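So that you can tell them apart, the chains are marked A, B and C in the order they are listed, and the count of residues begins at 1 in each.
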Amino acid sequence: MTASFYDVIVIGGGPAGLAAAISAHDSGARVLLLEREARLGGILKQCIHDGFGLLRFGEKLSGPEYAERYMDELRAREIDVKTLTFVTKIDNTGDGFRVHTVSRGGVAVETARALVLATGCRERTAKQVFIHGTRPAGVFTAGTAQHFTNLLGLQPAKRCVILGSGDIGLIMARRLTLEGAEVLGVYEAKPTPSGLTRNLHQCLYDFDIPLYLSHTVTRVFGADRLEGVEIAEVDETMTPIPGTERRVDCDALILSVGLIPENELAQSLGVRLDPRTKGPACDGDCMTNVDGVFCCGNALHVNDLVDYVSENAAQAGKAAALYRPRERRLIELQPSDDLLYVVPQTLDLQRAGDALTVYFRARKEENGCTLEITADGKTVFSKRYAFLRPPEMEQLTLRPGEWNLSETSVVRFSLRRPEQEAQR
Amino acid sequence: MKTATLNRKLQQLYGGRVTASAEDGCVVLRGELDDWADVVAACQLAAKKNSTHHVLNDIACPNAKDAPMRLPPDEDRSLDGDAPDVLVIGGGISGASIARELMKWKLDVLLVEKEADLALQASGRNDGEVHPGIDLGKGSLKHKYIRRANRMYEDVCRELDVPFSRVGQYVLFQKRALFPLIALYAFWRKHHDGIEDTVLLSGKELLRREPQLTTETKFALYNPSAGVVCPYGLTIAFAENAVTNGARVALNTAVLDMTVEDGRITAVKTNRGTLRPKLVINAAGVFAEAVAKMAHDRFYSIHPRRGTNSILDKKTGAYLQSIASVKDLSVHGKTHSKGGGVMRTAHGNLLAGPDAVETYEKENTETRPESIRTVFDKQKTTLPPLSECDIITYFTGVRAPTFEEDYVIEPGRRTKNLIHCAGIQSPGLTTAPAVAIDVAQMAVALLQKTQAVEENPSFNPVRKGVPVLRELDDDARDALIRENPDYGEIVCRCEEISKGEILDALQSPICVPTLDGIKKRVRPGMGRCQGGFCSPLVTKIIAEFLGTELSDVRKSSAASVITYGRTKDGEGGGAQ
Amino acid sequence: MKELVCIVCPRGCRMRIAEENGNLQITGNGCKRGAAFAESEVRDPRRTVCTTVRTAFPDVPVLPVRISKEIPKDKIFDVMREISRTTVRTRLGRGDIVLENALGLGADVIVTSNVLNETESERRKNDGTSACADL
């Protein structure tokens, strides 16, 4: 068994890990990037559609092109990379971390002062949205269908139903249509679409694929291969309405019903998760409650655009490179119920002087509202939005140094709607 | 109950639509009812506990017509004319354990299973509890086997390289007033029924051992001999060990009909030709009655009963080390199930279930939302942190009980070269190793009437399973990877399964090169992503191993197509 | 009056287009690219195509490609058919052209990933270092 010493170990070689490793290297750290798959790039390898990188590069790139730009950067810096290398466990030694890995070469232990967890997210499955019935072939998560189609060149469906209007679902509706499959419809349990508006247009409406809101799949039929699904209308609580069930014959069900940050390694280290994001609760440096453990990208919270992932990961990589054990004085950033979440979840008063990048999502569609941040009841920041949609993440740069914060301060994020404004 | 008394009761309940008659050692019920629940109730009324005079259900129920038995698509002559000493029908825990036991003699044994793999029905769709037998009274076959079989588990699982742990079982009571009653019950069990290890614990002691269980517990029964095993893993292991000792296993092979002449089965028709076995063992689960009928030896009836289990994320495995359930004595009446509970499985997941619902459909394993609800409503009172949000999968199995709710383990009553191993339901997994010994002895005794049967001196009881690398320490794992680098290439991230383990499963004695076959053997796809990430990778490994197209790989059965071929024909040759 | 959602960037601006004497009045766009998109959407709707092309290499059975510029929307399936007929038989890299001027529409089909030549170079590298594999 071998052991090597690094300043920073980045776990995960997708867009977050790539950006974190490059940024940590550029901040002077000796970096090791660990990736469990054979190739770097993460899920972008199979996202062959374009639209990536508009914010970052001002270009419409495909997923592989976006990832490979970072891979080229990584190679140019000669950063240590181990692919097909799987992290089995991590010991926290108090002054660093021992990362146990498995690869074709055997078991190895790598040591670092700081860790960046860039482990991405996974898809929710049929059983996690309580689809009942038989267990036939032909029920795929959108990502699995995308893997079969785009990496293996195989056709997972001829006549399919898509459940969930998340972006991957919409992208796969178009992709499968282009490859000759008939997409009978996209069904969404929520009353509003989950994907980006432009994807509704360029993936569904361009191809006359119908979108059914407030509908869900409750059951699947077929002993061997899927033969049909049962569709039902749902009420406001997303519960199927009895009597509205109907059967749609199809040979595949593609699920795009949400992503969950993968944080099993983080949890094994004692990292506390935010139930709202299902990712670690972090401070403005992307550091979790465990000193020296940083988290970024979709492992931290599910992003809508990879451009934000890269930005956030670069910040985490830099912070990890500059990390030295120190006392933190954390105060919470509290989202109101109008907001799905706010990331980061905490702010370190020691670093209050620095600019703070904050991401948030509205809980439901809002037309014309104001985001308001209060510190100890006093409004310290506000911004008007023409509209907010839950699928679209918003990003802000704040200057908490100007807010006169103390350790007992309460910082709240909330939305003010026009009717509330009128009352003021 | 006398037949006349029974008929009077049936007359009261069903107005003459059902009648009973004693025929040939059976209680035969005839007539017609609209509701399957009434059919079951009528037969249960007629059934006598521990009786060998079984209820035969001949009540027509036009509203409850089961679909015909699902058959494998294959049609060939590969087994035509085959004349094994013993034909075992059914590749569940019973058939597999019997086949292995038979290999201790010099016998030609053929096991046929109509499904694409072993343990695809009840044996692969149960909770994996090794029962202590606390609820079984003297006089039943279940009781006869339970203690003997329970004690065999360490040895059997060591020999067969199957994970087993004796984690113990807690039965929780929330009313202090019940204590004297339960104490008496435990005393009776110990001294009358030989369940000698049961102890009573205080609620406080229970919480010291299992802090996440409900604090409402006033006292608990503790059965230290209860354990957990991987039920399909054990079935496959039995069958593999049988095969390495010379048995043959034919999957996708269904028994369609039999010829019986002079009280002997002379021919068994399958989709792979007609067999001429010397002896037939009926271990056909929910189809045992149908097989008995084909063999002109139908003297019991099977009434299918569904049960659904949920598997939770491994993260929740920390909630519980053992098996637990709250017992509520306020509900009287027959539930005919161990009532469901929560347990940590042999693989470290939390499992909740099963429920018990009568059904006429022998092969309908669809899951239904109400099953999950029933189980979770009940088991949240056992284990408060239990949550539906942590479910990663759920599945339904169909039990195969007789109306007497006991096993039928005996030679044919009319047909001489036949042995029944029927009515096997909970605790059928537990009792299988002991039942197999008796059935094998019965088989040998029957065969010895017409031929010499010698012991097999070269029988090797030891099976080497696929190494489980995630359970090894770093040094042992490193050593194995250096021998075989495929053990270092992780394919399934959730369960940490390497390519090497998958290739081992493909080279195991009973190769089932499908996604489900591999999943059952080495677990890729059993984790929280349910194969989302690894199923394309496993598909690729299988195709490479078989040398076939990726689209030829199946989920399970021949018709369970995963992909419909290539998206691109590329026939034009192209510019490059 | 026509309403349109801009698909140029993730913002998804909702635009209104009115036509007067052949002149387009566009409102609601957040930037110039949006206006250009709206105009094109009314006069000559165009889309890009991203798909895969089959290869002759078993390790990478398909290679991601896109077209170098947008094509008329109604030609998407024609271009898909043309790409489907093609097989890549050399280890092309990112930016390499698979099909030049597909269907005479002025757009080339170009490779968007280095996966083919990367796996090749990695294979060579692995072969080269196999001597120290048993360290």
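Assume a contact is a pair of C-beta atoms (placed from the backbone, for glycine too) under 8 Å apart; a residue touches a chain by one contact, two chains touch by 3 or more.
Owing to the predicted nature of the structure, the values given are computational and were not obtained by experimental measurement.
Two chains share more touching C-beta pairs than any other pair, namely A-B. Seen from the Cα centre of chain B, the chain whose own Cα centre is farthest off is C.
As a whole-number value, the distance joining the C-alpha centres of chain A and chain B reads 40 Å. One finds 24 Å separating the Cα centroids of chain A and chain C. Chain centres here are Cα means. That of chain B falls 52 Å from that of chain C. Annotation for chain B: residues 482, 566-568 touch two or more other chains.
Residue positions 105, 149, 151-153, 179 of chain A each touch two or more of the other chains.
Residue positions 52, 54, 61-62 of chain C are each in touch with at least two other chains. Within the complex formed with chain C, the residues of chain A that make contact are 39, 45, 48-51, 54, 60-65, 68, 105, 149-153, 175, 178-179, 196-198, 200-202, 206, 304-305, 392.
Touching chain A in their complex are the following residues of chain C: 5-12, 47-52, 54, 61-62, 64, 66, 73, 76-77, 80, 94, 112-115, 118-119, 133. By the touch criterion given at the top, residues 70, 315, 365-369, 372, 388, 391-395, 469-470, 474-475, 477-478, 481-482, 485-486, 488-490, 493, 496, 498, 528-533, 535-536, 539-540, 550-551, 554-568 of chain B touch chain A in their complex. The part of chain C that touches chain B in the complex is made up of residues 52-54, 61-62, 83-90, 92, 98-100, 134.
Of all residues in chain A, only 1, 36, 84, 86, 88, 100, 102-107, 109, 122-123, 125-128, 130, 132-138, 141, 143-144, 147-149, 151-158, 179-180, 218-219, 223-225, 264, 267 touch chain B in the complex they form.
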